[in-house]
Structure formats: structure tokens, C-alpha cells
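We just call them A, B, C and D in the order they show up, numbering each chain from 1.
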Amino acid sequence: MGEGSGAVRVGLIGTKFMGRAHSNAWLKVGRFFDLPRAVEMHAVCGRDKIETPAFAQKWGWRHALTDWRAMIADGEIDLIDVGTPNDVHAEQSIAALEAGKHVACEKPLAGTLADARAMRDAARKSRKCRTFVWFNYRRCPAVALAQRIVASGRLGRIYHVRAAYLQEWGGPDTPLVWRFKGDVAGSGAHGDLNAHIIDMARFITGDEITEVVGAIEETFITHRMIPEGAGAAIKGSADRGAAKPQAGKGRKGRSTVDDAVLFLARFKGGAVASFEATRLATGNKNRNTIEINGERGAIRFDFERMNELMYYDATGEAATRGWTTIMCTDAANHPYAAAWWPDAHVLGYEHGFVNMAADIIRMIAGGQPEVPMPDFEDAFRTQCVLEAAIVSARQRRPVEVREFK
Amino acid sequence: MGEGSGAVRVGLIGTKFMGRAHSNAWLKVGRFFDLPRAVEMHAVCGRDKIETPAFAQKWGWRHALTDWRAMIADGEIDLIDVGTPNDVHAEQSIAALEAGKHVACEKPLAGTLADARAMRDAARKSRKCRTFVWFNYRRCPAVALAQRIVASGRLGRIYHVRAAYLQEWGGPDTPLVWRFKGDVAGSGAHGDLNAHIIDMARFITGDEITEVVGAIEETFITHRMIPEGAGAAIKGSADRGAAKPQAGKGRKGRSTVDDAVLFLARFKGGAVASFEATRLATGNKNRNTIEINGERGAIRFDFERMNELMYYDATGEAATRGWTTIMCTDAANHPYAAAWWPDAHVLGYEHGFVNMAADIIRMIAGGQPEVPMPDFEDAFRTQCVLEAAIVSARQRRPVEVREFK
Amino acid sequence: MGEGSGAVRVGLIGTKFMGRAHSNAWLKVGRFFDLPRAVEMHAVCGRDKIETPAFAQKWGWRHALTDWRAMIADGEIDLIDVGTPNDVHAEQSIAALEAGKHVACEKPLAGTLADARAMRDAARKSRKCRTFVWFNYRRCPAVALAQRIVASGRLGRIYHVRAAYLQEWGGPDTPLVWRFKGDVAGSGAHGDLNAHIIDMARFITGDEITEVVGAIEETFITHRMIPEGAGAAIKGSADRGAAKPQAGKGRKGRSTVDDAVLFLARFKGGAVASFEATRLATGNKNRNTIEINGERGAIRFDFERMNELMYYDATGEAATRGWTTIMCTDAANHPYAAAWWPDAHVLGYEHGFVNMAADIIRMIAGGQPEVPMPDFEDAFRTQCVLEAAIVSARQRRPVEVREFK
Amino acid sequence: MGEGSGAVRVGLIGTKFMGRAHSNAWLKVGRFFDLPRAVEMHAVCGRDKIETPAFAQKWGWRHALTDWRAMIADGEIDLIDVGTPNDVHAEQSIAALEAGKHVACEKPLAGTLADARAMRDAARKSRKCRTFVWFNYRRCPAVALAQRIVASGRLGRIYHVRAAYLQEWGGPDTPLVWRFKGDVAGSGAHGDLNAHIIDMARFITGDEITEVVGAIEETFITHRMIPEGAGAAIKGSADRGAAKPQAGKGRKGRSTVDDAVLFLARFKGGAVASFEATRLATGNKNRNTIEINGERGAIRFDFERMNELMYYDATGEAATRGWTTIMCTDAANHPYAAAWWPDAHVLGYEHGFVNMAADIIRMIAGGQPEVPMPDFEDAFRTQCVLEAAIVSARQRRPVEVREFK
């Protein structure tokens, strides 16, 4: 392992929504980026003995496995890509690290703080292995540009961060798929969506959240229809990414995750912040937004218009000052844009994953990512904020993030 | 008094930003609305012996006074319009009620909860006098339409309210005008801006906030330059509406108000909510926004595009479902629109005041307002939420709103 | 007459949509602007013997007349404001000029080119009288700012002008009001709407249209229901500004105006241009838009968001370049903004008229307007472009504008 | 050939911008769509003996050729994909048809009308071969949805079409690459961009353009710097998709194509229309827009926000009527969406090509495309409109499209 010169051989665990997103990333990355090492789609691992080989063939994975431990034991593999539900991230990632593999794990780092801490500790111990967490939104060109702008000091002192990740798919008609089961998913909107915006806020500001001042955790829909073929669904094979499972005839089960978590926080550098994640924000499909106001400028981002960054430069000429909508597709000037198409031939959701795959390969080859990459250490900090928010909501008190370190 | 048939004779106290806004409303209301009673701009009262008569002449007020008690004693006046800083609302309004006048008071109801409670009590006692509070944004046609949509039940169960009033004028270069003095203004962004969005949220949802779960109060700029002619400024005659006073040569004073207050809350009907008011949201001029997500639909409003209401109908045909931008200028179908211009000959900030003036006159004449009007009783509930948020921020605990009733 | 120092005494002809808009402007102008001379709303003239005095009383006009010749003969009046249908502009304006009055005439200058030419000639002859044409959109702060930006040279060489004025009210259910009668209105969308965007394009670019290369004139709805009380409607007293007259029971009459006129043109400076005016652009309430692309920058404006100007500076830093949405409400930096409210307390349609009234008074007092003001000479050039477009459409050939000089 | 059941073997000619876009489409299509036949990336053909094999290896093409005639002679290939400059479309496509291959040709159909006619005639003759033209924008989900809405009759009678394709990359600093050479490119913005919007307008309305009423053809920048390595550039190997070639030291050559073409047109069904294509619309990166106004509704599309379709339903309830922004990512309800990601996990430019590749395979297998597909017959009609516009511009007269049939 290390900074070898042959192809980086990847083994992916997971064949659902994230399995597809990662497979697509590994398929495309070498076609669009000039990389220091090639990528070999070595093996994919899924639970289903029929579906997994079909998945492997479709996407071009050389080998199909149903035992992830066998994959980790495969000496040919350099990088284990963990694209499974949150409850198995720790077991798989730690085993991979112990086997001397680099690990790229889906976000959030884990379903529980204990798992996340164990993962961080394993990463600390394994000095020669690199860890990566798929916070894909960092690698939307617009978000990466926001990070560069803030890092350059252009916003000056940061006053406010306003982050919200609003979805609407969790209405009362949505059945009890695995994402509503606390034992599998760890949490609901919180781990799924707040994880993203906490990471984005930390990434763009370069600052750390020190305290959750207050929080609300809410489950509006406490009982949901059990889907037909419920066993599978509850065990995790159904996914909102797929066609919605039909609700069964009358049997309902209890949702054991939050539908929404809101919290207020303070950053070390003095900024105040609000965060909201919800699956019941009717009208909002995938509105992952962040606004940051500083002394000398501000930025706004909305993933539903992911190619655009809004930037306000408070230092310019007063008569023409305003919010500038930057189309972040300029090869010469915007992160990742040179790999893709001519100006304003816009990108989509999947491109964040491909951009991240490129940075993973660059880093494994000893190079630098285009913008900072979260490892397990970094993602553990996000996990601590998630935990502080839940404790704050449940204990009805302000909670310092360092309690969990 | 009561539902007389002659002109309603108005006496206005205040000649600054709100003095102008109200004068303009009284000047225009009879020209655009068909009212059951005429309006007479009877008298205006200001502190300055030279400026006040000039103001009266400019706007067409018959009489100019410098003693507000004399105005209240004037038997000719039917309605006292209180357009002064928050610290004198109570004294003036209560005196007017005791003199048997209707009272229309600027928002927030008062600078302190005690003042607000006294005002509510005075209003309760004075059965024949009507009270009104200038929460002007209720009477933007788009906000009024939002209220009608929600009241009709179209959004179904309300899940979330997201309200923010973002301004940027309070940066470090802004001098220590009266709005930064706690003894005059009562609070900073909180009373000035959160008052508006709490009222809007209560108005549109028709629901009451029961608890503040957590809150942050922050003063980012603790010391500000004392303006030249500082005495006047500190006493309240300077105004952000006017040209900014020049900062003096080096003397600074302490700002004793918040620059920003954020809080999380719960509504009686089960909705969760976030509120943020700030004067330091760089890039945002006057972004008074609210978003409400319900089971069957959602609305969004941003005052910077005040003629537009965004509405999402989740019950319609799936293929063409989305956010509809309603230009709220249709005479036959939108609140207040018939009084003004043809379709999409858009309105501005001042029109909310004129619309409110029309409703005040209608109500004094025994009729109904176009949409519900806040009286002192109603505005006191908003004040209780303001108080709960501040107590929550300072005592670092959840606070029930009924503590203050 | 001339630059006297007393109040400017205004006599207004017209009491319909424009009568109201102008009355409101004269009512407000002295309250918001510091003017070199006061304004006296001296007399208003309408055809209806009952409605006119009521109108005068409502708006504060001292005298009500039904004979416009009597008004022009009134030696007290300094300025005749012509707010009547297009077919009487010439007669009234020329008479007023001959009586030594300043004249402010509604746009378009006239219903026919012959009328317009006679008006221009009368203005040339009457050296001491000033003429003004109510192209109100020039005085939206955003449009005025656009003019300043272009005049400063910031766009460099102009390549393209794209102007469209899109309305939707002229569908098949709209009855045969005066605006559909060629003998009264002169034309349909063309004179009503293209007049505005031709003027805006000339104003902002500071350049002249030299040729209409091709044009389409279209009447989609050739027959319309004759409204009840049809006589009045056909004679011009009904107005789309008022509630729509009910269509009668089955009787239809012929529409003798265009519903839409599109044309392509060339500017003297080399720019190419497209123009479209229509009353059948379903979905568009009052979308008066212009886009101008130059070598070093570009601007975009849409009246439905009239407080915003979009500006693209192609000379700035590449990484943060984009369209900047300028909220044109900054007292210190934007045209006309100082007269009104604090930042982003947005303006509406009517404010363009008030801003124009201020400039009229300043110019009568010998001063300068905030941005260039169209007189009859200038408006005649717009009329020549209107004519060239119609000739081009009807004769199916390119038409040079100078044919009509 | 025909509706065989094995893999469809594709041979691609072209390795530049379109070569990449098509390769990506063939690479992805089988991974995301359930297709009736597999796709085999059989061979790619380019001129460069070193680059072509590298390109083949990168994208997974089995064979690399430098002689396109050899590729056409290859009996293994089912479909020839022509991704070359416009001047060779005819020769390559006709040869492929004569060899019994299906042909998918880049747009515009050809660089000259004569070429296009020959291609159409060859397609007519070759009954068993299918032809396809890569008008990729038809297969943006939002554009496809627009087509469905209009085809369903929801807009009623169509009054107006307003189409513009605005780019900005053709400023005076852009060197003389092949796109500015008339003998290679056929035309400038006209064939490149107007081709797209003519096709989109025909596609969405389902109507045909019968007459060009007037047109402007303009070359603003007549002389451009000859790039270093100019031979290649002039012969066509340089591309705006790649990094811009550096301008040489002072030598300039003549641009022999238009920078912008505007024209006005009439549709058979009575609609009027405007079209504009330009490479000098500063500020506009890739603003491919269309607006269609009908009696009962309207649509708007802007490719820079390609996931959104704006729809106005004029038949709905008046109070809540407005422009609805439809996020066209709903698997169950929007064209092509089921193949991709969950709701509002937005798509990019490249996905239009993948969607088209899916439809090509479906059609070769005897099935139906998701929305109508242009063949050479259909694309020839677009070419006739292009020709009519140029003739109109040069002869300064209205031109009927049927002149060219």
C-alpha cells in the first residue's frame, strides 16, 4: 500500500443508493480527471447472492462478493469504500483499517457516537492508512468555491451561519423503510441531513462549533405503514432512492427516529448559528442551504441550484453592490470545473462524488485534494456536534461539544 | 366617539421615520380606498418647535403641537397614532385610552413587558376604545394572502415555521444612535425585527407559540462611535431612516442592545419553529422572510420581493407540482389590490401602512378589516414571546410563554 | 412663466388610470422631495360633469373643469399635464404650448406620426416652454441606475439590446374597450408597450435606432364582445385600469389594433436589437424587460422586480464574476432613493411618476433632472421608430428610421 | 441489422467535445437505464494516430481507428455515431447509411442546406436504417416535460414563441478557432445555437415554422488572432470545449461566420416567434431559453437552471395562479427521472446525451422513445429554417421556408 504507482484497487461494500453513486464515481473519475494513479474497480460486496453479481456486471466491478470480511481479507485491494447503512460503518471500517486498507466511508461517520469514536481511534492507530468520509457536498464546485472565498479572508469576521437541509419525502404516506428505524439508521433527518450541513458549515468557515445552545427533536409521524416485504425493508434493503415500497394493508409500526432536528449553536470564532434538518418541509425536494454573513461579505448556497454560488462583496463600490450569482463552471477559475464541460454546461448531484473520488486518488498517491478532505478525525467532530444537539434536545439544556471528545 | 359618521380625526405623535410613514398613510388612504368615514389629518406632535410645524405643513396636518398631553386632551381627536420610540408607547397610549381615544401604536407594543402588560390592561378597561398595533407587514397583500390560504386549511397540519428578519445596517461603522441604547429602544434587533416575524408567524398560522426551547442573544459590536450632536442622538431624535450621523472623533460608547437574537420555539398546534433577527446579516437589506410547511402545502415570503407569494400545493397533479410565484396584484382576487393599480403595477413598502390605515378606519366605523388586525391584547402575546426568548437566552433554559401572562 | 419662484401651478387633463397616477405624483412629490419650487394642484379637467368634481375633491385639485380649452386659457396655470388618450394629445398639447404653458404629456407622444410631428414642431417653435413626456420607467431607480452605468462607459461597446414588454390581459374574454379601437388608441400593444421599451432602450444606451430590419404585427383576437354601456367604452371612458367591463350578450365588434408587434432593429452604434410588445403573453403580468450586452459588461431589468437591477461586470475577478442583483434603494448611491425610505424598503409602480414629477419641477425651476428627461423632440424619435416598425410589418421590408424625420 | 437481440455495437467518429459527450453517454446508458438491448462501445475513430488510441482506452472503446471509412466498412458495427464538425456530416452519414448502418449524427444536420438535403434523401432511400440527430436538449427532463404539457393541449392555442440561445465566449480575445471558419463550421452562432432553439421550438410546440419575416446576421468581431499551432486549429482539432488556444503574436485572420443571428418567424398554427443566437451576450454562459405563451397557459425554460421548468396554468384558481417552478426530478412523474437519483438530486448537461442514447437503443430495438426523436427528415426541416433565416438576413426580405423543401 501507500503511494504506489499502479492502479488503486477499490472494493466497495453496498449496492443501494450509495452503492450506485459510488460506482458511478469510480467509473467516471478516470475518464474525466488526469489522475496520478489509475483506478481499478476491483470488487463489490452486497448481501444478495443474485443481485450482487448483476450489480457487479452492470457497473464493471471485476468481482462480486457477499461476505464483506472476505473482501477486506483480499490482499489485492487498496481502498475499502463503505457504502452501507450507518449501523455497520464502524465494524467494516475498523476491520478494513486493521487489514491495512485505506477507507472511504459514507457519511455520517456512524450511527452512534461510540461507533464514531471507535472509528476515529482506529484511524489514529493506523498510521499508514488514510481515511475519507463521503461528505460529497464539499465537492460541489460552488461549495468548494465558498470555502476558498472564506478561507481567503474575504468575509472577514464571521457573524452568522444559517444552515438548513429541507426535504419533504417523509410525509405520513411514506412507509416504514429502514431510514425510520433507529436501530439501523441511528437517527432520522439528524444523521442523514444535519450531518451534511454541520460538515458544510465547519468546512466553509474553517471554524469549530463549541456549544449547542438549544435544540428540538421532533417526530411528527410516529406510526407508519409497514411495507410489503417488510422484513427486507426493515433490515435495510429498501431505500428511498428506489421506488417507494407500497404500504401494506393496515399494519403500522413505530418510527423510532426523528423527522426533524433544529438547533442553535455557537462557533469558537464567535459566530452564532442555526441548523435545521427535516424530511417534512413540504415543497422542498433537496434544499440543502447555507448562508454565512461576515463583516466584509457573505455567501449563500442552495443545492437545488447547485451550480450557483451567491456572493456578496461588501467592500466593493456601493452603487453596484449586491448579491452576485456565480455560475461555478469556469475551467480556469472554479474548483473541479476543468475536468468537465465548457462553461455553464452544468453539473449534477453525482459530480460531487466523482470530484471526491478524484481527490481520494490524488491523496492516496501522495498529493493534495482540491479543497480540504474530511477524514475520520474530522468527521468525528461533526459527530460530536450531532450528539451535542441530541443531548441538548433531550435534556433541555445547553451542551458543550467538548463533553464528547 | 364610536362609530360616528363624520371624518375620523387623527392626531399623530412622532415625526421621524414612522412619523413620515404614518403621515403618508393618512394622506393617501382616502384617495385610494372607498372608506365608510373620511380621514382628517388633525394634528401632529413632535418635540422640536421648529421642525414640527414644518412637518405639519409639509404633510397637511392642520395643527402642530410639541406637547403630546395637549394633543390627547384635544376633544376633537378620535384616534391617537403613536409613532414614537418604544419607551414612551405605554405612557402615551394609556393616557390616550384614558382620554377615550382610539389608539394605533407602533410596534413593538412596548420596550418592556411591564409596559406592554399595562397597555393591554388599559385597553381591556377601556371598552369603547379600539386599539391597533402597526404590524404593517400583515397588510402586504402577499402576507395577507398567505394568511387566507392557511386559514382556509389548505396547508393542513403545520409542521414547521422558519422566520428570519435579516438586515445589515448595524456594522461596526454605524454610530451609537438611539436604536443601540437599551433604555430608549428596549432591545435591538429583537424588539425591532423579531417582533415583526413573531407577529407574522402568529398571524399567518393563526396559532400561538407556547414555548421557547432555546435562544441566543448576541451583541457583536459592543462599542460604537458616539455621533456628533450626540445628546440628540442618544435621546432618540436620530434615526437610521435619516442619513447616518457621522461618527465623532474617537469617543465610543457602549451598545446596550442585542445585535441579533435567534430562538427555537414550539407552537400549540405542534409545529416547530425557528426565528432569527439580526442587523448584521451582511448582504441582506431588509430580508423579512417566513416559510411555513404543512402537510398539504407550504408558503414562502420574502419582503425584498414583497409583491410575490410563493405557494406550494402538495395536493395537485404530481407532474406539474412546484412552487408557484403568485404576483399578488390582482384586483379581483388579492387582498387590498383593488385599491391600487392594474395587475403587476407593483406596490412598495409604504403601501402596507396605507392598507392598515384603511382597515383602522373601517373598524372604527364598525366594519371589518380585510384580514385580522392586532390590538393590544394580541400584540401583548407577541411581547410575551419576545420576553420568553430573552429569558431563555439569558437563563439558558427552555421558557414557557405562559409564564408571562 | 419661466423660472419663477412661486408654486408651479399644475392643470391636469384626464381622470382615468393616468389621471390617478399623475394626481398621486403631484400629491406626493412635495412631501418626499426637497424641491426648488412648490407644487400647486390647481385644476383638473375631465369630461364627466359629476365625476370630475368628485375626482378633484378626492385628490385635492382646487378646481374641476370639463372644458380643457378653458383650462388652457387659465392664466394662473404654469404646466398642463396631458393624461388623455393618444388621439387628443396633439390638439391639447399644441394648444397649451401656444398658450405659453409648459406641457407634460402622457406617452406615447401621439397616436399617429403626423400628430407627433406637429407636436414636435410646436415645441420647437415655443422656445420658452418646456415639454416633458411621461416615460415613467426611466425614473424607476433601477432603470436610472442602468442608464448611469452605461453612460459611464462600463459596458463598453454595445452588442445587443433585447427588450420585451409582455402583458397577458388581452385574451379573448377581454371586451372591446377603447384600447382596442384604432381610431382612439392609434395602436394596440405597439403604442402602449413598445413605446416604453423603445424609449428605455434609447435612454439606457444613449444611442439611436437607425433601421427596423423586419417586423410582425399581429391581431390574434380579431373580434371582441362589445361591453355593456358600450358607447362610453368605445369613446374611451372605460379603462383596463378599472374593473373590467362585463362583456355584453353576444354582440361582437372588430378590434382594430394589434395585439402584438415584434421587430428587429439596428442602432447607430452597431448594436442589434429585438423588441416585442404583446398583450397576450399569458403568465406575464407586467413584464417590462430589457437586457443589454456590451463588450465589458451587461445589464438586465424586469419591471416585475422593479427594485432590482442585474449587472454583470466582465472586467472583475474571474472566480467571483457573475450577475449581481443590485437592490436599488441606497439613499447615498442610487437615483431617487434618498427621497424615500431606508434601504430595501422597496418602491412600487407609482414612484416612477413621483420621481418624474420631481424632475419636472426641478427643470421648470431651471435645474437638472436626475437622469435625462424626454421632451417632445426626444419622444418624436421614439415615435419614428414605432412608425418604422409598423411600416416594416405592413410593407414587409426593412425600413430606415430617417424616412420619417 | 434491425431489431436484433444482441448488443448494439456502436462506432463513434470524433474525439473532441462531442466525442467525449457521446462516449460518456454510451458508457453510462446501460448502467442507468433498463434497455432492451445492451450497448457495446465497439470502436472510435479520430484523426490523430497517438491521441485516438489513448482516447479509446480511456473511454473503453474496444478499437481505435483513424480512417472513418474503415469503420463504416466494419460489418460488426450497427450504429455509426457522427460527432465530427459540420462539414463532414453528410459524407460520413451517407456512407454509413449506404453501408446499412443506423446513424446518429451531431446537430446541426449539416453545414450547408445541400448537404442536409442529401442526407435526408439518403435516409429516405435507406428504409431499414434509422437516423437520429443529437438535439440533446430535447432530452433534458424539463424540456421533455414541456413537450408533454403542450402536446396534451394544456396551453391551448399558441400565440408566441420566444427563443434565445445566449453565450458570451466569442469576445474579441477569443482566437480564430475552427468555429469561426465558415468553410468548416458552415456558420457561427446560427448553426451552433439557433439550430438548437429552432429544434426545441418545433419539438415543444409540435408545429412548423412557415416563414422567416425578417432577420439580422452580424459579425461584430471581423478579425481574430490566429492561434499558435494554427494549422490544427483551422482544420478543426481545436475546440472551445478544451482550454482556449493562446492567441499568437499579432497575426490576425478573418472570421467568416456570424457572431449573432436574430430572426422573426411565423408558425403554421398562427404563432409568432423570435429567435436569437449569439456568442457575444456578455454575462450569459449558456442561456438556452424558450418561452411559449398559449391561450390557456405558458411555459418557460432556461438551460442554466436545467432541472427546472416554469409552467403557468391560466385555467386554475385565480387567487393562487402564478408561475410554478417544477423541479423535474420526480421518478414517477417526469421524463427520464426514474433512471437517475432520488428527487431533486439534480442532473447536469451530460444527462441529456445519456437520455438520448437510451432512446436510440430503444428505437433500434423496435421500441418508442420517451419523447419524439428527430431523424434526418425532421432535422432537415430545422435546417430549412436556418437557411430561410440566412437568406432573409442577406436578401433583406421575408422568406418562406417551403422555398427550400
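Convention: a contact is a pair of C-beta atoms (placed from the backbone, for glycine too) under 8 Å apart; a residue touches a chain by one contact, two chains touch by 3 or more.
All figures in this text were calculated on a predicted structure; none of them were measured in a lab.
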Chain at maximum distance from chain C, centres defined as averaged CA atoms: A
Of A-D and A-C, whichever chain pair has more C-beta contact pairs: A-D
Averaged-CA centre spacing for the pair chain D and chain A, given as whole angstrom: 35
Separation of chain A from chain B, taking each centre as the mean of its C-alpha atoms, in whole Å: 41
Length of the line joining the C-alpha centres of chain A and chain C, rounded to whole Å: 54
Junction residues of chain C - those touching two or more other chains: 323, 327, 332
Of chain B, residues touching chain A in the complex: 155, 157, 159-160, 162, 164, 166, 168, 171-172, 213-216, 218, 220, 259-260, 262-264, 266, 270, 272, 274, 276, 278, 280-284, 291, 293-298, 300, 312, 314, 323, 392, 396-398
Contact footprint of chain D on chain B as seen in their complex: 145, 148-149, 311, 313, 318-327, 330, 332-334
Complex contacts: residues of chain B adjacent to chain C: 17, 21, 23-24, 27-28, 30-31, 58-59, 169, 240-241, 243, 285-287, 303-307, 327, 329, 331-332, 338, 341-351
